[in-house]
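Same chain, two partners: chain A is paired with chain B first, then with chain C.
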Partner chain A sequence: MKNKYSNIGLLFFVLIGVVPFAAAFIYSVLYSFGVVGVVNDGFTTRFWESSLTSGEFFKSFGYSAAIAAVSVTISVGLALWLALKFTKELNRKLLSFVIYLPLAIPGVVAAFFTFQLFSKAGFFSRLSYKLGWLEEARQFPDLVNDQYAIGIILTFITGVMPFFVLLFLNVYKNERVADLSRLAYSLGATPRQITWRVSLPVMLRKTWTLVVLYFIFLLGAYEVPLILGQESPQMLSVLVIREIKQYDLTKISEGYVVAVIYTIIVSLAAILLFSKKSKTTEAIVDN
Partner chain B sequence: MKLWKPAILSLLVILILFPFVYLVLLSMASNWRFPEVLPAYFGLKNWGRIFGSETGLLGSFIISVVISLSVATVSTLSGFFISRTVSYHPRKNTLTLLTYFPYIMAPVVFGACLSFFFLKLGLFGKPTGVIVAQFMIAFPYALIFFSSFWNERTKSLENLVATLGGNRVQTFFKVLFPIAKGMLLICFFQTFLISWFEYGLTSIIGVGKVQTLTIKVFLFIKEANFYYGALSCCLLIFPPVVLLYLNKKYVFNKIV
Partner chain C sequence: MVHSQCLKTFIVNRIFYAFALLVGLVSCNSTPIESEINLSEAPWDTITQEASGTTVNFMMWQGNPSLNDYINNYVIPRVKELHNIDLEITGGQGPEVVQLVMGEKQAGVEKGQVDIVWINGETFFQLRKIDGLWGPFVKKLPSSKYINFDNPFISIDFQQPVNYMEAPWGMGQYALVYDSAQVSNPPRNLNQLEAYLKENPGTFTISNDFSGMTLLKSFLAEIGGSPTSLDGEFDEEKYNRLSEQLWDYINRNKRYFWKGGSTFPKEHTKVDQMFATGELHLVYGFSEGGIEDKIRDGLFPKTTRAYAWDNGTILNSNYLGIPYNSSNKAGAMTVINFLMSPEAQFEKLTRNGREARTVLDLNLLPEEWRMKFENAPKPQYSPDLEKLAKKAIKEPAPEYMIRLYDDFRTEVIEK
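Let's look at the complex of A and B:
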């Protein structure tokens, strides 16, 4: 009887958790090799060749990785600084609720808000005009849909940093960093040594997998770069959807090539991060 | 306290509250042309139109609520039960690793690769299809979330109930559900938010026919109707604020 329930549970797990992912991956692989698809007529490697030789995937991957790396680094840096410098203040009743508020803002709203503030006819452009710093809207610097992805990075930071502040505050409390710091101080460590040799290593060791996980999430971000990104290069998810949903049916397979490569990369990342029973699951649940 | 600390904290609070205030003000504005810093009209005209058919916002709000509640309920309950099987399985680590693949992948890419199957199943462009698609990304989260609950202590409790003559239904309703109440609520909130915030997957599977609030925001941005866009944003962010408040006040504080 016990085994029967267990087998039913396992069956549902496979049906919901494994089959859709496997089906999506196999279908994408078949499409990318021309085996399935409306205008495809049999196995071919030409879509892979054209995708890999065009260089668009690598450009997009490099662009996405750079944006994700910069956003995560700045977010984690700022969050660590805030969590260590303002531990007591951020745990006070009102502030402890206020710092949760950014979690209520989805990516699409954050991107819309950034656009409203930093576009050429946006709030800061209007303010600059009133202050006499601009004579025309076009003089306002390109901060959205720009080549350096400033708008995207700003939006990512505002979305990711609050999460890390909460995470670090939690780790600070659970790992008793305050006690460790006092101990280090009583043993003669300077405030600088306490920060660099005690607090930061303890907090980063406990959270590095989540930092990597956020890097991967940002790598596949969609709505923010869709609103705030430029035409070329595009971030990975935007590129995949653009290719798959385009009107030229002969090019759709190339979109699936990018989707397959992206899936392999994130799957390998998942294997590297989670194959051994890491503490990430606990960290995700705890935070 | 050093003098700069209150200044930094005040700046932080202003930065956090600014988007909420700005979006509410933008949603109440109209005819706000460059270079004006303040709008020509400011009032409740836009908000009054939520109930009209012109914007379709009330319909979007209702469909978003229905989809998110369905996704959250089904994901939380199935995640709770199935994570038990996974956590007690001899190959727990392999099964958990399999859970991470859909969890870590961009939902929009996952949806695009799955769209063929949704089309074949007749779920394309239907709310049911969006619910099923969102469930596929919320379920792995719920599964991972509950994995820490099924530990040795829980197993011992289950064994104790069995030793004392309790059956499986009693074990769940009299023991497991009461002790997992806090976690079930948090998981419900989180999966609700995953669904509520979802845009990419919904746009792929809903093909513009299932107009949730995130889809509406995007449509209004495309139309350059920023006032209705801001209005949709307000409807999108205030329910999560209330949920966060309730979550923090009644759930976190009780289980910490």
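Let's look at the complex of A and C:
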């Protein structure tokens, strides 16, 4: 009986999870080679050539990867610091409410908040102007739609960091890091050694797959870079949508080329990640 | 038994259809289901009767509160009252319309989701390219007798003959906008703009969208030497020559643009917002600059003014079309006829003052309506229409827009 149910479960997973994804992928591949598409007229490698030679994809990929890496690194760093430094405080009601609140805010809203707060006509700019720090609101530093993606990174961190705090606190408890630290201390380790050689390695080894998954997730983010990014370079999803919606219908396939390359890279990364099927992942899922 | 057999077939069909839609491999042989009546030959009364009691889906850009108010609080109740039609509005503009029609065409959807689309020249060009529009139908509508199809600003859309495939709905001229409290002498040509930029760095930009490209077309026409320099079919050699000078002009002044020209706003709405907050001092917009309703709503200061470029700004119409696979063409025709009627056009003109022009030709209207239109309250803040109209230029061929979009990105944004 149980077997039957698990078969049905598998069937649903394939129907809902695999078939649409595979169909969309095949469709994108066909579109990128001009096989489907109302204005396309048959197989061609033209779109692949122009996409690969223009260099825009690689620029966008590098840009997205850099933003995702910086955001994840800062988020994880901060979250580790908070979780280790304020373990007790974070278990209190009010503080935990404040720190987890951003988890409930959707990306679009978070991006909108950032814009309202940090744009040149935003809250902080006006405040600085009122306080006489600026002569003109326009002198406020470039924090949204800016060259260094500060707005995007800031928004990512506010969204991602609370999640990691939550995760690290759980791991801290489940892996009994406190007990291990005490043990290390009694064996003569300095506080510094306890942090760097006991707590951090234990916690990171248990969570690194999730860290990498978050990196992949941010790599493909759409709304936040759409609202807070600049026109060039653009993050991958923004680039794909721009190409697909472009005015020149004959070039829509280039958007599908980018989507296909991106899907392949991310799928390969995911397969590599999970083929190792580290026990740590299972441990976390079990918890 | 029969029932369950039917259900099974139905489910199998559904699954197959869903799959086919996903993979998109169904053939493109998509002749829509013909209505029971022949719409091109049936008398108008039969068409409105057929439309009675049906639902019509209208896909339109919903970014303007005044227009939304006009649609929701006037048009929807009125078509229900007059024709017993439930008009439903879906949000979506240019690219979404094209994406939807293209998607349905590829999947062979015979009964499309949308019956009316609000489009302008660029979308018209794209939809014609994929045979996405149904028609010609405009001559069939009784309201079309009030429209002067000899007016090139109505019968020619982006240098393409409209051929009654889309019905004119609104008309407006592009204008530049400034705050007279901040800028005393706004630039009227490229030389003056260069001087203005150096004096007021960071207060001007070009949005990377339809509105911004329309401004670039005005600039291109000025470089070409006359208001008519871009008329006629697309001329590659001319485009290359003129655009090279345009990019050179922009790039050498780029550092005086908003954010030092390091980026450009994605959309025109952002430009409007930045004008409202005082970040930008010189902006632009369609429909006489689009300032009337924004001043009335308190978004723009009362000192806002709009004006035309010396070499002219673009005057164009926007239109209503029926997708090739609309499942309620009779309903769509009835609603479009109403939207073009003197009653609805008059209301559109006077309700919020968003628009200053009508697509109707006053000389063709019955006396009573002509008087009403002539005595309609004039816009308070918009520039004098006749003065502005002297500087009206036609939309150049769509290829200019395609190339400007591409090249603005590669020659300016990415440099």
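As a working rule, the second predicted complex is superposed on the first by the 261 of 287 C-alpha atoms of A that agree within 3 Å, B and C clash if a C-alpha of one lies under 4 Å from a C-alpha of the other, contacts with A are read in each partner's own complex, and residues count from 1 in each chain.
In this section, a residue touches a chain if its C-beta (ideal position, glycine included) is under 8 Å from a C-beta of that chain, and two chains touch if they have at least 3 such contacts.
Every value quoted in this text rests on a predicted model; they were computed, and no experiment measured them.
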{"item": "Touching partner for A:9 - first (chain B), second (chain C), both, neither", "value": "first"}
{"item": "Larger contact residue set on chain A - chain B or chain C", "value": "B"}
{"item": "Contacts of A:121 with chain B and chain C, given as first, second, both or neither", "value": "both"}
{"item": "Which of chain B and chain C A:232 touches, first, second, both or neither", "value": "second"}
{"item": "Partner chain in contact with A:145 - chain B first, chain C second, else both or neither", "value": "second"}
{"item": "Chain B versus chain C as contact partner of A:247, first or second or both or neither", "value": "second"}
{"item": "First, second, both or neither for A:113, with chain B first and chain C second", "value": "first"}
{"item": "Touching both chain B and chain C, residues of chain A", "value": "20, 23-24, 27, 121, 137, 244-245"}
{"item": "Of all residues in chain A, those that touch chain C in their complex", "value": "19-20, 23-24, 26-27, 30, 36-39, 120-121, 137-138, 142, 145-147, 226, 230-232, 244-249"}
{"item": "Residues on chain B engaged by chain A in the complex (per definition of touch)", "value": "5, 8-9, 12-13, 16-17, 19-20, 22-23, 26, 34-37, 78, 81-82, 84-86, 88-89, 93, 95-110, 112-114, 116-117, 135-136, 139-140, 143-145, 147-148, 168, 196-197, 199-200, 204, 214, 217-218, 221, 226, 229-230, 233, 236-238, 240-241, 243-245, 248"}
{"item": "Chain B-touching residues of chain A, taken from the complex the two chains share", "value": "5-6, 9-10, 12-13, 16-18, 20-21, 23-25, 27-28, 82, 85-86, 89, 95-110, 112-113, 115-117, 121, 123, 125-127, 129-130, 137, 162, 213, 216-217, 219-223, 227, 236-237, 240-241, 244-245, 255-256, 259, 262-263, 266-267, 269-271, 273-277, 281-282, 284-286"}
{"item": "Chain A contact footprint on chain C (complex, rising order)", "value": "19, 22-25, 28, 95-96, 98-99, 102, 105-106, 122, 126, 129-130, 202, 208, 259, 262-266, 273-274, 277-279, 401-402, 405-406, 409, 413-414"}
